[in-house]
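You will see two complexes here that share subunit A, one where it goes with subunit B and one where it goes with subunit C.
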Partner chain A sequence: MFKARLADPKILKYSIDAVSNMIDEAGVSVTKDGLRLKAMDPAHVALVDLELKKEAFDEFEVEEPLVLGIDLERLNTILKRAGTDQILIQLDSENNVLKIRFKNSSTRTFDLPLIEVSEEELKVPNLDFPSQIEIPPKILSESIKDAEIVSDHVTLMVDEENLFISAKGDLGNVEVKVPKDEAKSFEVSKSCRSMFSLEYLKDMIKASDIADSVKIYLGDNIPVRMDFTTENARLSFLLAPRIESE
Partner chain B sequence: MEDWQDPKCEIVRAIRKLRPMSRTLCLECKGGRLLCGRPSCPLLAKIYIQSPIEGMLKENMFGPSPSIFVGWKGYPNVFVGPLTSIEYENASLLDDPSKWYGLDFNQIIKMRSLLVRSKTRCGVKERSKIVEKVQEVVLSIKPVDTEVEFKSKPKYSLSFSPLSQPLGPSGMLRNFDIAENPAIPKKVDSVVSDEFKAGEAISKLYHYGYDVYYLSRILSSGVLGLDLGKKMVPTRWSITAVDDIVGKRLLENIRSYPTVNEFLVYHNTYLDNHFEVLLMPRRWEYEQFEAWAPDTLWTLSYKEPAINQENEGYWGRSEYAYSEGGGYYAARLAVQEALYRMRRQAGVIVFREIYEGYIIPVGVWEVRENVRQAMKNPPRKFDTLSEALRDISKRLKIPMKEYLKKSKMLKQKRLEEFI
Partner chain C sequence: MLTWVEKYRPQKLRDIAGNPRAIKDLVKWAESWKKGIPTKKAILLHGPPGTGKTTTAYALARELGYDYIELNASDSRTKDIVDRIIGNASKLGTLNPNLVKKVLIIDEVDGIHGKEEYGGLAALKKWIKTSLQPIILIANDPWALPKEFRNLCEMVAFKRIDQRTVLKVLKKICSREGITADERALKLIATNSNGDLRSAINDLQSLSEGKKKISLDDTDILTIRDSELRIFETMARIFKATSCDRAKEALRESEEQPETVLMWVAENLPIEYEDPSDLARGYDSISKADIFLGRIERRQDWGLLKYAVDYMSAGVAMAKKRRYHKWSRYQYPKILTIYAETRKKREIMNSIAEKLQGKKDTYEKCHGSKKLMKSYLPIMRIIFNNNYEMAAQIASEFELNLEDISFFIEDNETAGKIYYRAKELTSERIKLKTRGEKQISLLEFG
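Up next, the complex of A and B:
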């Protein structure tokens, strides 16, 4: 038995939107603490770790821990239809479907068939990050959108004073400077830089709309970790870098 | 007569006189999209040369028709008509590039010169008597004897396209009739007369064992699709459409297979086109480089080689591969066919180098058959990517670092590399 209700669908909508382009299908664990989804994209470039605490829901009931195999792309297209309606989610284990109900003046019910997901063991690197910077997510998302105008990749760089988000392309360059004072926290043990593909980042920043803050863990030519957090939810990404060449 | 013994020189001479319209546009367009705004490609201008075949062209002809041709200019009102062979022998070979691998430019042109293209303007949705007869010719698995009546004597010329096979003489069609029963296989007949979308019908027929050449002809003739959607498709579009449709269906299977276990390298050279195909032990992803030497038809004003790059991720692509066009889809299909046979998936990188000797575009079949041939050769095996790339670079003329600069897949690190 699993049942949940969200008066405001936003948090679910945006977090699924942020991951469904990268990850096609995943096993979502349901425990008494909430929902958790951890998966890697097919190219093994990005890792997603989504946690929606029980408290994020207005109602949350589960008898015993479950893993639901979900086609995230399907789920995303369904959630896109939610508007601002309240969402009810209920497992119909007899028919092996997840019932997703949007309730307003009418009640709309979608059946999402559950799928078999292979339990591939995730090989996750254990990294030491020399820099950790926490900023308002809007700064990050706007910079990524700026970078998209000129290139398909972006460089994240920090020194003792600033975080730089910059991109170079045939049509020009862009650089966004975020001074230390604008950051919520700024711990930099040494300057470092890494380059990343915007193809992934532009999906990840969709989480900005629901997060209060994003913490960026950066090193020299190693993956970047980005934790988008709000009171009852956390969406973490680990993204492998691109080689800088010229 | 003497000249015909070695027409290559004459054609090459004719082509040499041509001048590009723009330094960079031509390489992207390859005569296919007329990006320069001209009504026809000045580099692919019809080449009029003397040929003994000219004497054999008459207002009325009788002969086997192995295929049809649907033009694209003026779409949706296009030239349609059968291709009819002047000679009786080997007519089926003349429009079946699956059997052409190994032929040189000379032989290809000689063969294509034997096919007379008849033209009549038709709306792509038209269902006239002529269209019906065209469709019967196409569905037949062997050439159909036809009687063709032209408005005036067909003219001898050669025209080339980066997508479709070269075309020889052509004339305006007055009427044509089929002189025997076309040999239409039962399976084909049932798929065609059933209510399938064109894509479904094509993948069904492909799995029955019909090659893409037959399927693209069928698609172009307008027999496929749901009732109201049935329409003729210009030959050049039908070729890439079939590569894409069949490839996407194969990919649905390929994605469910285990990955290859090591780095595998395949290579082959044909018609001054060199291919290196690298299969990497990871899930499906595809990248293709197309490097043109200076002084090919599309790089007449280049001093350095030009490299085009296209790629797609695990889910494939929906946007047309503009910079490489049909060659991207043709090579990808050949690789997908091989993966499907191996029951394996892989991350794939294809390097194509086109040398100065490739002065005449013969059509995209060259890419397909070249890569099909490459994938038949036994692969070289490596444990690491760098060893594989080192091996590949031994056979490439352009330094590997030039490809690395352009590559999306080779530049992207993976999380495993940091464990």
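Up next, the complex of A and C:
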């Protein structure tokens, strides 16, 4: 038995929108603490860890822990229809479907068939990041959008004073400088830089609209970790660096 | 239940049976990635089925401590998917910095074809050229791939596994499973496998189903295995399957196209199933599979293929109340024979229909679809057999050749006569036409 109600669908809509482009299907584990989705994209370059705490929901009931195999693309198209309606989610284990109900003046019910997913627990690589910077998500998303104009990849760089987000392309360059004072927290043990593909970043920043802050974990030519957080939810990404060809 | 092929799949390179030199070449190439990027960024493992190509690829990745991703025939390998998965994986690093490299394993590369995967191979070629990660390609028939594609790859041939090695593996499995087997029986399985270790292990598993002893008599049901006989095995596995998974697996491992398998299933269902209600349910599934194949053909929506495949395998297998314990002599589908016999005839019909449409000419003759044109053929046949002059006029107008005319008339001599009469009429018409043109030009300049 699993039942949940969300008066404001925004948080679910945006977080699924941010992950559904890179990950086709995933096992969502449901426990009494909330929802958790951990998955890797098929190219093994991005890892998603989404946590929606029970408190994010207005109502949340689950009898025993379970794993729901979900086609994220389908779920995303359904959630796009939600508008600002209240969302009710209910598991119909008999028919192996997830009933998603939008309630407003009318009641619309979608059946999302569940799929089989491997039960294998995903190992999240343990990484040592020399730099950790927390900034308002808006700054990050705007700079990623700036970079998109000139290139398909972006360099993230930090030194003791600033965070730089820059891109170089045939049509020109762009550099965004975020001084230390603008950051909510700024821990840099040494300056470092890595380059990343915008194809993934531009999906990831969709989470900016719901997050209060984003924490960026950066190192030298290692994956970047970005944690978008609000009070009751956390959407964390790990993205492999782009190898700079000699 | 795990198949023995899966259960005993070697995890380490040194446990892989056969092909030591191929494995050595592969390791050398893979090691070279630790020092830098070699000129050939992809390696093509090719050879007959069941010789350990895929097993070797995975064991290699694990052994060298490389991360790996896979793209096999169950993923549809369209240009978009190749770009997204292989493109990104080949130019980006690994998520776990402890795994230095990521091997991209692409199985059944020679199976990338058809309209639905159009552009997949070209996209793959592009990514091989720029890849920063090792790519392992696997194919049964490398010669089905374009030459410029092969030139991008290091080629490593996997050979059929020799019978003694197959025998050794079979013995090992028997002892692990606690099966006592007549050595001669095992030898026969090994010989029949023709160097295909996977099929040998599958045979061993099917022979020992439900018992712990294998005698020489048991091997009677084994037939000499070659590519033509493989489809019989697929039939038996579908019809005898008692679970959806088993039935689907049979189809998945078959090398035939789903359309072909469906014809075989439809032909052989009444040979296997005896209970009329089993038959009814079986044919119901077959008809549904056929409907899906039709939709795929019309809409080019290959996403529907999984439904067709499930109906023709799992659906058919589940149609029976219980398994038939018998050996059936499966038959070649009659429809394929009929197709082959009537191919020539159908070609002529098409060519006549096209001539009636006259699309190839300067002006359209009969306005209408090919289907409509074909509906005229029976009427034309009556005319051709009764009114030779009219037949000749038609033949002349539509420029039918002798072969086309013979389609309507059995008698060669009459056909010939009509053909020559038609030629006469044509030349008369040309004369009239040119004369007409001359008169026009005289008028114009006069």
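What we mean here is this: the second predicted complex is superposed on the first by the 241 of 246 C-alpha atoms of A that agree within 3 Å, B and C clash if a C-alpha of one lies under 4 Å from a C-alpha of the other, contacts with A are read in each partner's own complex, and residues count from 1 in each chain.
What we mean here is this: a residue touches a chain if its C-beta (ideal position, glycine included) is under 8 Å from a C-beta of that chain, and two chains touch if they have at least 3 such contacts.
Model, not experiment: these values are computed from the prediction.
Aligning the two structures on subunit A places subunit B and subunit C in a clash. Of the two partner chains placed by superposition, A:I149 touches none, neither subunit B nor subunit C.
In the superposed model, A:D24 lies in contact with subunit B only, and not with subunit C.
In the superposed model, A:H44 makes contact with both subunit B and subunit C. Using the contact criterion defined above for the overlaid structures, shared-chain residue A:A7 touches neither subunit B nor subunit C, since it reaches no partner. Once the two complexes are overlaid on the shared chain, A:L238 sits against subunit B and subunit C alike. The superposed model shows subunit B running into subunit C at a single listed stretch; among 149-157, 257-265 or 293-301 it is 257-265.
Note: residues 40-47, 125, 127, 197, 222-223, 238, 240-243, 245 of subunit A belong to the subunit B contact set and to the subunit C contact set alike, using the contact criterion stated above.
Listing the residues of subunit A that touch subunit B in their complex gives 24, 40-47, 123-127, 152, 197, 222-223, 238, 240-243, 245-246. Listed in rising order, the residues of subunit B touching subunit A in the complex are 282-285, 313-315, 347, 401, 404-405, 408, 410-419.
Note for the complex: subunit A touches subunit C at residues 40-47, 125, 127, 197, 199-200, 221-223, 238-243, 245.
Those residues of subunit C lying in contact with subunit A across their complex are 67-69, 71, 84-89, 91-98, 102, 132.
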